[in-house]
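Next come the structures, one after another.
In what comes next, subunit A is part of two complexes: it sits with subunit B in the first one and with subunit C in the second one.
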Partner chain A sequence: MNVGEIIFLITVVVTLGGAAMAVLSGSIVYAMMGLVTTMFGIAGLYIYLESPFLSMMQILIYVGAVSVLIAFAVMLIGPLYRKPKEWTTIGKFAAALGVALVSLFMFVRFVMETFPRAVTPSFKITTKEIGRLLLNDLVLPFELISLLLVVAILGAIMLALFSRGNK
Partner chain B sequence: MEQIGNMIGWETVKMVVGLVGVLIFVVFNALILTWAERKVAGHMQRRIGPKEVGPYGLIQPIADALKLLGKEILTPRDVDKPLYYLAPMIIFVPVLVSFIVIPFSASLLVMDINVGILVILAFSSLSVFSILMAGWGSNNKYALIGAIRSIAQNIAYEIPLLLSLLPIIMMTNSFSLKTIVEAQNGLWFVVYQPLAFLIYFIAAVAETNRTPFDLPEAESELVAGYHTEYSGMRFALFFLAEYTNIFIVSAIAVTFFLGGYQGPFLPGIVWFLLKSYSLVFVIMWLRWTFPRVRFDQLLNISWKALIPLAFINLLVTGGLLKL
Partner chain C sequence: MSDLLYNNQHIYLFVALFLLFCGIAGVVYRRTLIGMLVSMELIMNGAGLNLVALNRFVSPENGYGIAFTLIIMGIAAAEAAIALGIIMLIFKKYKHIESGELKEMKD
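Our next item is the complex of A and B:
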C-alpha cells in the first residue's frame, strides 16, 4: 500500500466518521461538528480527484457558510438541555427504509454508471473552464438556480417580517 | 495517486522545511507583536510600556511565555471536555494553512497553489468553529455570549471580505497569490481599487476580532469572551492565533493591494515584512484610538454599507474590464 492509498483511506474514514458522529450523537453541537468533519472529508476526496477548486469551494460554502449558519441557528433555538423527542420504533424503521432505498437507487443509477468514466476525465478542470461552461452551455440551469435562491431569500424576509408584525 | 506518490521526495522535503519555518515564524511573530502592542499602547497613552526586562523591555514576551508555560493547566469541572480540549488546537489549523500559500518573496513560499487565496478564505472559517467550541464547551454564560457574537460578526464580515478581493481576482484572472503579486509590477492595485482596499481592511479588522470590532471578547462586558475559562498554555494558544491572524490579514492586504514583495533596492522579503508590519501597526493604532462599536452598529456597517459598496465596486470593475 503506497502513501496515496493511505491518504485516501484516512480521508474516507474521516468522512464516514464525521457522518456517523452527525447521526449518532445526541447533542446538536456534536452533530454539527460531525457535519463539518464530513464536509472536510468530502473536500479531501475532491483533491484526490484532482479538482482543487471544487474542494476549496466545498470548504468555503459548506463549512464557511452553511455550517456557520447552522451554528447560528443552533444558538437561536430554545433551551439546549431539553432532550429531543424520541422516535418510535416504526418511525425509525420507516426512516431507515426510505434512506436505504434512495441511496440504493442513487448508487445503482449514478455511481455504477459513471464510475468507469470518472477514471479518465475528458478535459482539464480549471476555473476558466467551469466559468465558460456555466455561462455558455449551462446558462439556463444556472440562472434558474439563482432565481430559486432569490425567491427563497425573499420568502425568508417575508416570513421574518410577518412574525415581527404579529408580535 | 501517482501524483501524491511523486510528491514524496523533493517536494516533501521542501514542505517539511517550510512548515517548520512557518512554526518558528508564528512564534517569533507573536512574541514581537505582544511586545509591540504594549509599547504602542503605552506610547499612545503617554506611558512608556514594558522596560524592565532587557533593553526596551524586549525580553518581556519571553518572560511572559515562560510564565504561561510554567502555569498549571486547569480544567474546570463542568466543561464539555472534548470540545474544550479541541478548541485551542483547531484555532491553529487555519493559521498554519494560510502561511503555506503566502509568498514572502519571489522564491520564499512553501507552495504555489493555483487556488491559493481560496485556501486561505476557506480555512479561515474554521476559526469560528473553534470559537464556538470554546464558547459552548466552557459551559459559561460569558463564553457562550462571546461565541454567539463572534458567529454573527463572522457571517456579516466574511461577505464584504470576499467581495473586496474579487475585483483583484477578476483583474488578474488568477487565484494564485504569486501571480497577483507579479501583476502589480507597475502600479499597485490599491491605486486601481482604493474602495476595495478600504472595505477589505475594515472587514479584516472585524474578522480578527480587534477593537473597534472586538465584541466577542469585550473585556468590560464579557470578562474575556470565549476564552474566559482557559488558562496557561491553552490560553496562550488563543493569543498566539490572534496575533498570527493579525499578521495574516495584513499580509493578504499587502499581497493583494500593496504590491506584495515588490519594491526597489531592498530584497523582496524585507519589503514584504516592512509593508505587512506597517499595516499591523495601523491595526494596533486603531485599537488604541477608537471606542468599541455597539452590536447593532457593527452589523449595520457590514450589511448596509460595506456589502452594497463592495457589490457596486465589483460591478463597476467588471464593466470597465469588458469595455
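Our next item is the complex of A and C:
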C-alpha cells in the first residue's frame, strides 16, 4: 500500500465521517460543518478520479457559496435551542433508518452488478474539452441552467420583498 | 496499475450510495428545515460523485458526466438560494422553523 492509497483511504473516511456527522449531530452548526467536511472529501475524490477542474469547482461552489449561504441562514434565523433534544425519539430514528435502508438495499444490487471494465489510465478530459462539450452538444442544458439561475435570483428577491411588505 | 485501491470503481459507488443513505435518513430524521436542506445537499453531492465515477470508469472517452456534474452544482446553488429564502420567510411569519409544526403555508 503506497502513499496514494493511504491518502485515498483517509479521504474516503473523512467523506463518510462528515456525512454521518451532518445527519447525526444534534446542533445545526455541527451539521453544517459536517457538510463542509463531506464536500472537501468529495473534492479529494474528484482529484483521484482525475478531474481536478471539477474538484476546484466543488470547493469554489459548494464550500465557497452554498455553505456560506447556509451559514448566513443559520446566523439570521433565531435561537434554535428552544426545544432541546426533544426530537430524538426512538420511533423517529427507527423510521428514518428504515426508509434509508430500503433505498440502500434497492441500489446495492445495482452497484454490485456494475462490473468494472479494464481501467484506462489515460483519462484526460481537459477544461478545453469540457468547454467545447458545454457549448456544442450540451448547449440546451447549459442555457437552461442559466435561465434557472436567473429565475432563482428573481425568486429570492421577490421573497425578500414579500417578507418586507408583510411587516 | 489497475489493482490500485483508487482505481476500484466500487469504492466510489459505495461512497455515493452512503451519501444517498445519509441524505434520505437526514431528510426524515431532521427536525428543522435547514437540517433537511443540508441532507438534500448530501444527496446532490452523492449524485455528482456517482456521475463522475461512472464517467471515469465506464465511458472514459467523453466528458458528459463531468459536464452534468457542473450542471448539478448550478442546480444545487439555485435550490439552496430559493429554499433559504422560503425558510427565512417562514421564520419571519411563525418565529420557528420546526418542520413538524408547519401545518399550512398560506395564511
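Just so we're on the same page, the second predicted complex is superposed on the first by the 128 of 167 C-alpha atoms of A that agree within 3 Å, B and C clash if a C-alpha of one lies under 4 Å from a C-alpha of the other, contacts with A are read in each partner's own complex, and residues count from 1 in each chain.
Quick note on the criterion: a residue touches a chain if its C-beta (ideal position, glycine included) is under 8 Å from a C-beta of that chain, and two chains touch if they have at least 3 such contacts.
Bear in mind the structure is a predicted one, so any value in this text is a computation, not a measurement.
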(request) Mind working out whether A:14 is in touch with subunit B, subunit C, both or neither, as first, second, both or neither? (result) neither
(message) Between subunit C and subunit B, which one touches more residues of subunit A when both complexes sit on the common chain A?
(response) C
(message) Contact-wise, after the overlay, does A:107 reach subunit B, subunit C, both or neither (first, second, both, neither)?
(response) second
(request) Could you look at A:59 and tell me whether it touches subunit B, subunit C, both or neither (first, second, both, neither)? (result) first
(request) Identify the partner contact of A:153: answer first if only subunit B is touched, second if only subunit C is, both if each is, neither if none is. (result) second
(message) Quick one: is A:68 in contact with subunit B, with subunit C, with both, or with neither? Answer first, second, both or neither.
(response) first
(message) Quick check on the superposed pair: does A:36 touch subunit B, subunit C, both, or neither? Answer first, second, both or neither.
(response) first
(message) Going by the contact rule set out at the top, does A:96 touch subunit B (first), subunit C (second), both, or neither?
(response) second
(request) May I ask you to decide whether A:5 touches subunit B, subunit C, both, or neither, giving the answer as first, second, both or neither? (result) both
(request) Jot down the residues of subunit A that show up as touching in both complexes, subunit B in one and subunit C in the other. (result) 2, 4-5, 8, 50, 53, 57, 65, 69, 72
(message) Going by the contact rule set out above, which residues of subunit A touch subunit C in the complex?
(response) 1-2, 4-5, 8-9, 12, 15-16, 19-20, 22-23, 28, 31-32, 34-35, 38-39, 42, 45-46, 48-51, 53-54, 57-58, 61-62, 65-66, 69-70, 72-74, 76-78, 80, 82-83, 87, 92-93, 95-97, 99-101, 103-104, 107-108, 111-112, 114, 116-123, 125, 129-130, 133-134, 137-138, 141-142, 145, 148-149, 151-153, 155-156, 159-160, 162-163, 166
(request) Give every residue of subunit B touching subunit A within the complex, in rising order. (result) 1-5, 8, 80, 83, 113-115, 118-119, 121-126, 128-129, 132-133, 136, 147-148, 151-152, 154-155, 158, 173, 175
(message) Quick check: in the complex, which residue numbers of subunit A touch subunit B?
(response) 2-5, 7-8, 29-30, 33, 36, 50, 52-53, 56-57, 59-60, 63-65, 67-69, 71-72, 75, 127-128
(request) Would you pull the subunit C residues touching subunit A in the complex into a rising list? (result) 1-2, 4-15, 17-26, 28-32, 34-35, 37-39, 41-42, 45, 48-49, 52-58, 60, 62-64, 66-71, 73-82, 84-89, 91-93, 95-98, 100
